[in-house]
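Listed after this line are the structures, all set down as structure tokens.
After this come two complexes, each holding chain A, first together with chain B and then together with chain C.
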Partner chain A sequence: MTASQWHLDPDLVRRYADGGLGSVLAASVEQHLVSCPDCRTLLDPHVGAARLDTVWADVLERVEQPPRTVLERMLGAIGVDDPTARLVAATPSLRGAWIAGVTLVLGLALVAAYADPQGVGLYLVLAPLLPLAGVALAYGPAADPAFEIAAATPYSQVRLLALRTAFVVTTTMLPATVAGLLLPGSPWIAVAWLVPGLALTVGTVALSTRLAPHLAAVALAVAWLGVSLRALAPRRDPLLAVSSPVLLASALVLATAVAVLVVRRRDLAELLRRTS
Partner chain B sequence: MNTTIHATGLVKAYGRQRALDGLDLHARTGVTGLLGPNGAGKTTLLRVLATVLPADAGGLRMLDQDPRDPAGRRHIRRRLGYLPQDAGFHRGFTAFEAVDYIAVLKEHTAARARHDEVRRVLDLVGLADVATKKVRALSGGMRQRLGLAQALLGRPEVLVLDEPTVGLDPEQRMRFRDLVSDAGRGRTVILSTHQTEDVAAVCTDVVVVKGGRSLFTGTPAELAEVATGRVWVDDARDPRAVAAWRVGAGHYHHVGDPPAGAELIAPSIEDAYLLLLGPQAGEGMGEVA
Partner chain C sequence: MLSTAEERHVDEQVTDGALLSAVAQGSSAALEVLYRRHASWLIVRLGRRCADPAVVDEVLQDTFVAVWKGAGKFRGGDDAGAWLWGIAIRRLVDAFRRQPPAAYPLESAEVLGTRESAEDLVLLGVEHGDLAGALHRLSPELRAAVQATVLDGLTTREASRLLGVPAGTIKTRMMRARRVLRKELA
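Showing the complex of A and B:
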């Protein structure tokens, strides 16, 4: 670049250095500074180390702060604060692979239901297991690579578990309910699995005070498959998978789990330490 | 003496096996090295000190608080940095996001101040340049430094580091020791290792652990003195030695009770360590010869 024929007024340079010029004037001063070494020497004494540090920190803040994930932006939009959004975004089961898995399972259940009326039963058996699996993969040493570090931080482990469970349940129950509405037959099917689904999820959290979360989930999943498939098998009526005896049993599990959590809420933190 | 950690008679059992069997530990400002073979109970002890695992019995006070009491535990956690063995991070996160996530758990809530703190610790461990790289793209040495970075968040008074030099190549290990030495100024660092070189390089105090108990507590120089008069070289291997291995020029280096007239040499930390551990400790080294 060639040196300019004209030069900046020293006072203008000082005001530019202080950040006191309007953006239009600052831009044209900057344009000149880039091409004129003489004026840059004029600028030097006005720029202190402290101001450079602030500017550099601002630059880094923009450059290194990666664009927030879709999930974090959605959480922000519904009023979740920034640190909480970061904690939820770190939930292992809320990452891409999990969402793809949920979609695949629901898609398969839909295909099965349209291929054969009895296929609806598959949906009713599988749907309650989705939030269960999500919760099992949301917390604990088996699911979370940073679990051991997190366990030594002052942030409440109970709160972290509750926070993640709430988001996993919401994000799996919504698509599962939408898929249910797309099923042939009664729209009641779309909500018929909610009670067993909740019972399994809350049951997992309650059982996590005794077992590692993933083991608690496996135990309950096996129990659920046993009960629902047995109810489904003899008469091949899909709704039997979540029919009254099953619903009743689910409601009982739910009530027991809630009672366990209420009674033991004070030692939950202590119990979580022991199962980890 | 400014003691920050007082542990007496710590017991922790897994089923019938006692990982900690009445262990004592007193640590002050500086770097205290826990030296012991695999399975000595080092990791269990560090997990207890990091408040992740409750001890079954024994007394423990850290920073004048009792970790069994929830309020005391929270108080300790606010002033603690912990680097577990095999520290993991979400591999899809960038280095910046991984440390930022831990910063949130450490109650740094204001976004801008938190980000500045994350940048400060990344800079301290020399990872400022890779802040925007994904964790899965970092080398093993870098990930280990990332682990140290998160432990340094909020300038903790106690730093618990579990085998931080494992898996690092010699150059990385030297850099890491410098970082730990720097971190040990003005705070209490507990560092577990099975490498005597780590102790010689960075520790102000050392505790030798075996079978869930502490066999020795003192400075590295005091540890070496334990083997004074019990290290000798000879042209042939002496089967009665606690440990013996071949050194340059066909000589054998022995640790144990020297025979009369043996050529005694000045002991090192390693000699004292092998002597304390007893006969089975030397097996691995003896095979080399």
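Showing the complex of A and C:
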């Protein structure tokens, strides 16, 4: 009798599967199983079909998922769970084209600032509009190809909007702040626009309880241009775009918007559920 | 439309190697055939090294997801048994690193008490000569170390995670096991 003719018998297999076989004999069985397809099939009756089907269903779900994007992996690394990461990553304003647009606008503002002292004013006027535009594009049927799916998902729409807004604000405000640090003059410029920027962003979300998000964004953008360009025009000092009255007004808008959101969070949820 | 028996017959014609080539091309159907062919013995073998069925199921799932991603790396010919076990045991080690097990299932006194039948021992003798008897006289701890490093082919570090003891302990146990075996087989 040679080793290749040695095969398992049903009783040995049963004792192995039940865990009732000593480890030396079990090791022999295992060494044989690794290279004998016929004997491996003897173990099939010892494992429940339901258990095998459950594990297979989980395997199938994982292999049929589209691979995770770089952004989703980064979100996962900071503790965001997988479905949330996928919904956030589907945000239109987090896609490559949008980020390229932000970089272009900031680049132009930098060039303008170096060409002419008035250019700093251009930066201060444009920078707060970036997160505003990002948020306007972050949600709603006009902007989001996944909107129908997002709206039909049993997932808090307000939470999704808040998450997306937070990520959009981060991805626009960080590069804009870095660009501000590269501007000639006081480093104060880099942060001076943050208050109006936040006010416009949160204001858009608050107004979205009444208006479509893009309309709310346009209305606020026009208002901001009016205020900042007026402040800028007469005395030709670019920093006036974010002078104390402007900052104070922005802080007021921010506080009002936050208050509106807190009071109307139910309306917001309702609005977000409607698909038009 | 094929009957189940005919389907199985068709499946049996295809070697593991051919299935893995298809998996590497993105066929989840081929992965399923491979899974149906190998899941049972992998579950039982993993179950002898991990007492928690939930962990075993998770490891099996990880194993076939890893097969899905790494099917192109298979260079083993027709049968993938050894290759699959190599992936599964390492996934088990990974699972133990994430969540160390309460205790590695060493043999209970009851199992130790049941001696293999005379016929079993003869069969073992054919395969392994005196080795079977010698292994039998090792303590359960030493035998587990031999099993993890020699039979499962793990590194010292991997074996230490699997058995839940420091790597230094595995080295000492292997040294002692080698000494005992050498004396017994001399």
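Here is the rule we use: the second predicted complex is superposed on the first by the 202 of 276 C-alpha atoms of A that agree within 3 Å, B and C clash if a C-alpha of one lies under 4 Å from a C-alpha of the other, contacts with A are read in each partner's own complex, and residues count from 1 in each chain.
In this section, a residue touches a chain if its C-beta (ideal position, glycine included) is under 8 Å from a C-beta of that chain, and two chains touch if they have at least 3 such contacts.
Bear in mind the structure is a predicted one, so any value in this text is a computation, not a measurement.
For A:V63, is the partner it touches chain B (first), chain C (second), both, or none of the two (neither)?
A:V63: touches chain B and chain C.
Go through the superposed model and pick first if A:G19 touches only chain B, second if only chain C, both, or neither.
A:G19 contacts chain C only, not chain B.
For the overlaid complexes, name the partner, chain B or chain C, with more touching residues on chain A.
Looking at chain B versus chain C, the one contacting more residues of chain A is C.
What part of chain A is shared between its chain B contacts and its chain C contacts?
60, 63-64
So in the complex, the part of chain C that touches chain A is made up of which residues?
So the residues of chain C in touch with chain A come to 28, 31-32, 35-41, 43-45, 47-48, 53, 57, 60-61, 64-65, 68, 79, 81-82, 85, 107, 111-112, 114-116, 120, 123-124, 126-128, 132, 135-136, 140, 143-144, 147, 151.
Considering only the defined contacts, which chain A positions touch chain B in the complex?
Residues 57, 60-61, 63-66, 82-83, 86-87, 90, 92, 95, 145-155, 160, 269-270, 273-274, 276.
Which chain A residues qualify as touching chain C in the complex?
It comes out as residues 1, 3, 6, 12, 16-17, 19-28, 30-31, 33-37, 40-41, 43-44, 46-47, 51-52, 54-56, 58-60, 62-64.
Which of the residues in chain B come into contact with chain A in the complex?
50-54, 70, 74, 77-78, 80, 82-84, 87-94, 96-98, 100-102, 104-109, 111-112, 114-116, 119, 131-132, 147, 150, 160
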